[in-house]
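Here you go, one structure.
Chain nomenclature is as follows: A, B, C, D, E and F, assigned in order of appearance, with residue numbering initiated at 1 for each chain independently.
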Amino acid sequence: MFYHDKKLQYKVRVDKPNPLFAKMLQQAIGGIEGEIRVCMQYLFQAWNSRGPAKYRDMLLETGTEEISHIEMLSTAVALNLEGAAPAIQEDVASKNPLVQMILGGMDPRHYLSGGLGAMPADSNGVPFNGSWVVSSGNLAVDMRSNVMAESGGRLLAIRLFELTDDPGMRDMLSFLIARDTMHQQQWLAVLEEIGALRDTIPNTFPRDLENQDFNYKFVVTNINPEDSQAQGRWTQGQSLDGMGTFDREPARPYGQEPKLSDAPWQAHAQKAQTKDSDLK
Amino acid sequence: MFYHDKKLQYKVRVDKPNPLFAKMLQQAIGGIEGEIRVCMQYLFQAWNSRGPAKYRDMLLETGTEEISHIEMLSTAVALNLEGAAPAIQEDVASKNPLVQMILGGMDPRHYLSGGLGAMPADSNGVPFNGSWVVSSGNLAVDMRSNVMAESGGRLLAIRLFELTDDPGMRDMLSFLIARDTMHQQQWLAVLEEIGALRDTIPNTFPRDLENQDFNYKFVVTNINPEDSQAQGRWTQGQSLDGMGTFDREPARPYGQEPKLSDAPWQAHAQKAQTKDSDLK
Amino acid sequence: MFYHDKKLQYKVRVDKPNPLFAKMLQQAIGGIEGEIRVCMQYLFQAWNSRGPAKYRDMLLETGTEEISHIEMLSTAVALNLEGAAPAIQEDVASKNPLVQMILGGMDPRHYLSGGLGAMPADSNGVPFNGSWVVSSGNLAVDMRSNVMAESGGRLLAIRLFELTDDPGMRDMLSFLIARDTMHQQQWLAVLEEIGALRDTIPNTFPRDLENQDFNYKFVVTNINPEDSQAQGRWTQGQSLDGMGTFDREPARPYGQEPKLSDAPWQAHAQKAQTKDSDLK
Amino acid sequence: MFYHDKKLQYKVRVDKPNPLFAKMLQQAIGGIEGEIRVCMQYLFQAWNSRGPAKYRDMLLETGTEEISHIEMLSTAVALNLEGAAPAIQEDVASKNPLVQMILGGMDPRHYLSGGLGAMPADSNGVPFNGSWVVSSGNLAVDMRSNVMAESGGRLLAIRLFELTDDPGMRDMLSFLIARDTMHQQQWLAVLEEIGALRDTIPNTFPRDLENQDFNYKFVVTNINPEDSQAQGRWTQGQSLDGMGTFDREPARPYGQEPKLSDAPWQAHAQKAQTKDSDLK
Amino acid sequence: MFYHDKKLQYKVRVDKPNPLFAKMLQQAIGGIEGEIRVCMQYLFQAWNSRGPAKYRDMLLETGTEEISHIEMLSTAVALNLEGAAPAIQEDVASKNPLVQMILGGMDPRHYLSGGLGAMPADSNGVPFNGSWVVSSGNLAVDMRSNVMAESGGRLLAIRLFELTDDPGMRDMLSFLIARDTMHQQQWLAVLEEIGALRDTIPNTFPRDLENQDFNYKFVVTNINPEDSQAQGRWTQGQSLDGMGTFDREPARPYGQEPKLSDAPWQAHAQKAQTKDSDLK
Amino acid sequence: MFYHDKKLQYKVRVDKPNPLFAKMLQQAIGGIEGEIRVCMQYLFQAWNSRGPAKYRDMLLETGTEEISHIEMLSTAVALNLEGAAPAIQEDVASKNPLVQMILGGMDPRHYLSGGLGAMPADSNGVPFNGSWVVSSGNLAVDMRSNVMAESGGRLLAIRLFELTDDPGMRDMLSFLIARDTMHQQQWLAVLEEIGALRDTIPNTFPRDLENQDFNYKFVVTNINPEDSQAQGRWTQGQSLDGMGTFDREPARPYGQEPKLSDAPWQAHAQKAQTKDSDLK
């Protein structure tokens, strides 16, 4: 179960409110690279955990921390939106009331729907979508999903850092970037611990049931294979899982031209898609 | 630009059509773990590629291959749906015409919308969503997203394998599982090549701009920190990127209680959210 | 069944076309607070109505009125978009053709997809989503959903009013705000009539089947409960439904630590999530 | 900021695992009536709160409690899915491996994507959508949205209660139903405290700016107004806000037939939608 | 503006309630081929109409009729769901209460969310999505979208007809199929009237601005062009618009290999995607 | 299966990078009128094809070509985004760093999520949605869907052409417009070939099973039928399919007022929606 403290995990200060930056910050709240996604992802992974308690506990610890990050960013959005109030006030008095607000590129829903508050949506106003949350029942798959999420998240936080020169915002982002560093390293450390950093996962499917002719072969689909510069670590030498040797071959069909049966009459397929004979 | 061959990349054969398995296979076409997602992901990464040509070419090769996998799976769905035809035919003659079709758990849109064909949707009929496609402009982030996608994809293909005993379907899945092995290894190999397998990424943000007090510290949010079993590789020793030492501390607030300004009158915040004094 | 009149329910006049205000108005058409949502909500509630005919009729009356509101707002959008035409025309002649249109913050789809017409989408261009429509089969739940929808709708209409000084638009909004007043009062009146204004609903579940220890207790999840200022009408005195006395207690766990079984082998849970013993 | 306890807020016990009931429970996790929605709704309302601290604190207390409810329900889903394991195992050995699993109506993604775990999605597998979260910046609008959410939530929990005879599940639902009772009463108590239980909200818009001819008038859109049985508390007597008298009138147009300008040439409107003269 | 009649446009009778057929019917309400889509499409086209009044009027007439079709289908869903009541009642008394309901394949939300009522969603419970509504500002484009919608809608209605032997349902569908016949013919008639049945549209773009080398040429992307059987009316003879002659050529690149600039440092592209020189 | 060439199908050149035009171009990639939709639509139609091989081959040829168009447009987006780099660079140095970027109306995700690359989303950043893809199992329905898609697509490409004066972009669009001309004509040619250009489809449903009283009758839902100007080709003369004569009649109800049964107790419909007698 869960508790909270009225104080924030780290200080959130906005020196110069900027409704445009409020819009940008939404990406880190409700975007696919954002904190709601990692929060739900780690918590669902914890709640569905069927392995050793240490991993369940670890996921609960960090999933809970992420709620605090959503809180920090939402606070930052609300503080940045305070910059919109004077603009709206002046605009109403002006001849062309919407100009300032819109020219500024503010998310209209920040005012219309939120009354100057944060939303679970991305920087284009597209709502958070639960389909992004990965909880696969396989620890290694989950960890790789988490590494990916923190890598994208740290990249986003850094890009946000570049877009502001507000000292308060840069301080907050400096903290969030640091936490993304830790969390990237944390999930990588679990992968190392369970020996899955370089492995093919899941590791529980008998290798003799997978087609051995194609599992370490880079397929060149270029119509002029010789033109492809796609050569590197992945086309030669031992595979990273130590179970094969990388190879390379031009794409060619091993299957046949597919043949589906005629549609049954119940499908009402326009006289069975109009037989050739009907066209005479 | 793109070309095609009428033959399939690998043979697709269904020995005993099963509309229920057709529904399951949809997850591998239009689900978040599916082939449309990886296809678009690799192609967009290629088209947006601003680095060495070898990576662009590599992404184009594999992105193109994935189209062939969507094709194989769609063919497999259409072939499995041929099993639905007799059921529908008999049903119409029976007293309770829908029973057999629905009891069987078939996706109703496979018949109603598709006339016994595949759709870009998952196993619950939820449509493919472009938000899943990651193309970040950062090669390491992209590669980690690809590793994650292939890990989830291989897990899905293996679970599908467990759910069928149709020899044709198992043969096809055996090929797809092998390709997922290769692609997992391929993206890991790129990460090794660019030295990002264990690194904190992106690697271009000056470390002194990130908060050095929190970037290798595991935060225990458990209200009884001593109860947490969350200890392991990620709480001690050198970090995997070699740039810090893992540490551990109970969560505590470093920030203050947030204070937002009163809402401006234009927000119509119900008499500024009802002042305490108004309640007397 | 339904009929229409070519005239509008109330006059719609735009004195000074403004494509930016057209974008704002979209929130009142296709946003969650908008008219398509209430229109569908009242009509579905009517069509699903299994109670006295008076409520079904009432819902049909008002659901039908809402179609007229969508019509008024769509007309307002189309009229405001006429302001975009000169901009586009001039732009084409200018060196930097997109500047004026885009700087203005116009919704690009208003031109690209709609040719200067309204769309069933919100002010960010996110499409209307049928999931917002509540028709629960319980009259009191439906009425509360309707009260909520009209409350949010009136707030939105008022904020739109603040954003324009166009006399025609203010006149139209003045009418729509009035209708939202009536509809709020209307659904509240039904709640009063059926005695559900202050009640716990649904009122058909035997109270002895609900846990009597927790049904009037405010749970303080603050880690420092004494710091919480969350005291008021809801922490003391008789409950509004007259069936209990409000109380207050710090959160504590009444349950145990959950224990899930190991994953079955078919789940391919990475050697059952890697047993601790495997890590030695 | 946030903390957690490894124990659950209330006990979760499944006496007889039932993957079908796991699917039903998803509605209470990721459906529009579910716990993720109320959790996010109360937390965002708290974070965006610009009024007296007591309401912010109250929202934080209850928003935090809701995370514990998502946790309980997710645990219940995972426990119910343990019933699927034997089925899957037997199926693989059988001639028709999918029959048992699918006939049973299990959500295929519970196995394919989740490996027998819960997901942030509804009972049809449609993902949670952030658009459902209301945080309007107006306390009364927010409270009414919360009353609505808890009313729909309690109705759902009661329907789930009817669908199971598992004593453990009924005990858990008995607790959740009680909490929904409290939360319904809690938000109603706030509405009473701020005097908004029967009021027209927001209460900050000058009444003389709204059209006084239409704000207490029930409009009968029935083509045969005399046939409408829609009479009741809302068509006569003083309005609940005490500021008007309910009235009733047959619908009639107060506006004119709308006239849009011709499309500008840039819209490429098919020769201006083909003038009548062009058709001669 | 809009009015209604309490009677239905055509009779809706269910002889033998069937909750499974209720689920199927949802596709015709909230699916992409369904009535909500055409209703909104015709109404938005009318409201956005900038051409001759006759077309605006026509669209309003038919858009209004479609509301009556949504009403008929929703009524049919509610009537079919009455068959679920006995099942639920018996189930509760049985040992395994969910079996009958779920084995039957009923949409769980029909009971859990709707209390035995219709929803604006498709047969998989995926909500109606406003993005399907086409109102382009070009009459010919709109008409072709309408022809397409009615063609898919009639196909769906016919498939639903095949799935039931309930005389009441077949009678209702027989009416809806007839209306789809009329509406298909109606939109085709407009296309004929404005001379756009066989035309290339829009017809307002100067032909000399379009690339004359590629506008009547069928491109064969088959890697073995001679294997392609794709020959027919579209590869020879005069084009249907009379402005060109169909031709055929194997695909070949007319463009060059694309070259993007290096990423700017602000994009944090992992040391500009890792230069080749870094890899030595 | 599929292959690619590193060269583009047609040259893509941007003379003057413009991040605003990059945003506009997204509509042609991931919007409902865009290339991803037609690409998937033609390929799924091909893969599901149960008719003569010539149509399957034709769909494969053109579906494959469309991948090349997505590639061209994505390249165009990436090239146009190169214009954003200097803006971002200068902004960071300025006092108000976001101004230039946002005032310019750039899609924030083009930088934040994509690092200056294209995305499978529309011009408002709303992701591509698989629900748009029509593959119905009926050749005529599919062809009409394709005609509609190419008509909307050509209109969009022309509007994009009007919005730019960049010679490179106009050259690329001139090619794409030409291809849309061909593809419109191509699908129309198929319709002519199978005799479905003016037909009512599907043509496999016995006409005597459809209600003969309503299949060629234009229904006037105007409350004042005499006011309706909706007269034209569709209200008189022989229908285009030659199987009926157009007619016209004012709307009137042929059905009765619907009557649903009372809700069963399990639906918890608030004391059966509160009987009138309960209100006394």
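In this text, a residue touches a chain if its C-beta (ideal position, glycine included) is under 8 Å from a C-beta of that chain, and two chains touch if they have at least 3 such contacts.
Source: prediction; values computed, not measured.
The fewest steps needed to get from chain B to chain E, moving only between touching chains, is 1. Of the chain pairs listed in C-D, B-E or B-F, the one whose interface repeats that of A-C (more than half of its contact pairs identical by residue number) is B-E. Across the assembly, the mean Cα position most removed from that of chain A is the one of E. Of all the chains, the one whose CA centre sits at the greatest distance from that of chain F is D. Set against one another, D-F and B-D show the most C-beta pairs in contact at B-D. For this pair, chain B with chain C, the centres built from the Cα atoms lie 30 Å apart. In whole angstrom, the spacing between the mean C-alpha positions of chain D and chain E is 27.
In chain D, the positions touching at least two other chains are 1-9, 32, 47-48, 50, 54, 57, 60-61, 64-65, 68, 75, 78, 88, 92, 103, 105, 111, 113, 115-116, 124-127, 129, 131, 136-138, 140-141, 155, 158-159, 162, 193, 201-202, 205, 221-223, 228, 251, 253, 255, 258, 260-261, 263, 266-269.
If the chains shown are joined wherever they touch, the resulting network links each chain directly to all the rest.
Every residue of chain C that touches chain E in the complex is listed here, in rising order: 1-9, 30, 36, 40, 43-44, 47-48, 50, 57, 60-61, 64-65, 67-68, 70-71, 74-75, 78, 113-121, 127-131, 133, 135-138. Chain C meets chain D in the complex at residues 3, 5-12, 32, 53-54, 57-58, 60-62, 64-65, 68, 72, 75, 78-79, 82, 85, 88-89, 92, 111, 115-116, 126, 129, 131-132, 134, 136, 138, 140-141, 144-145, 147-148, 151-152, 154-155, 158, 161, 174-175, 177-179, 181-182, 184-186, 188-190, 192-193, 197-198, 200-202, 205, 209-223, 228-234, 239-241, 244, 246, 251, 253-258, 260-261, 263-264, 266-269.
Within the complex, the chain D residues that touch chain B are 1-6, 47-52, 54-55, 88, 91-92, 95-99, 101-103, 105, 107-109, 111-113, 115, 124-127, 137-141, 193-194, 196, 201-205.
By the touch criterion given at the top, residues 155, 158-159, 162, 223, 266-268 of chain D touch chain F in their complex.
Chain D makes touch with chain E in their complex at residues 18, 20-21, 23-24, 27, 31-33, 103-105, 122-126, 155-156, 159-160, 162-165, 221-224, 227-228, 251, 253, 255, 258, 260-263, 265, 267-276, 278-279.
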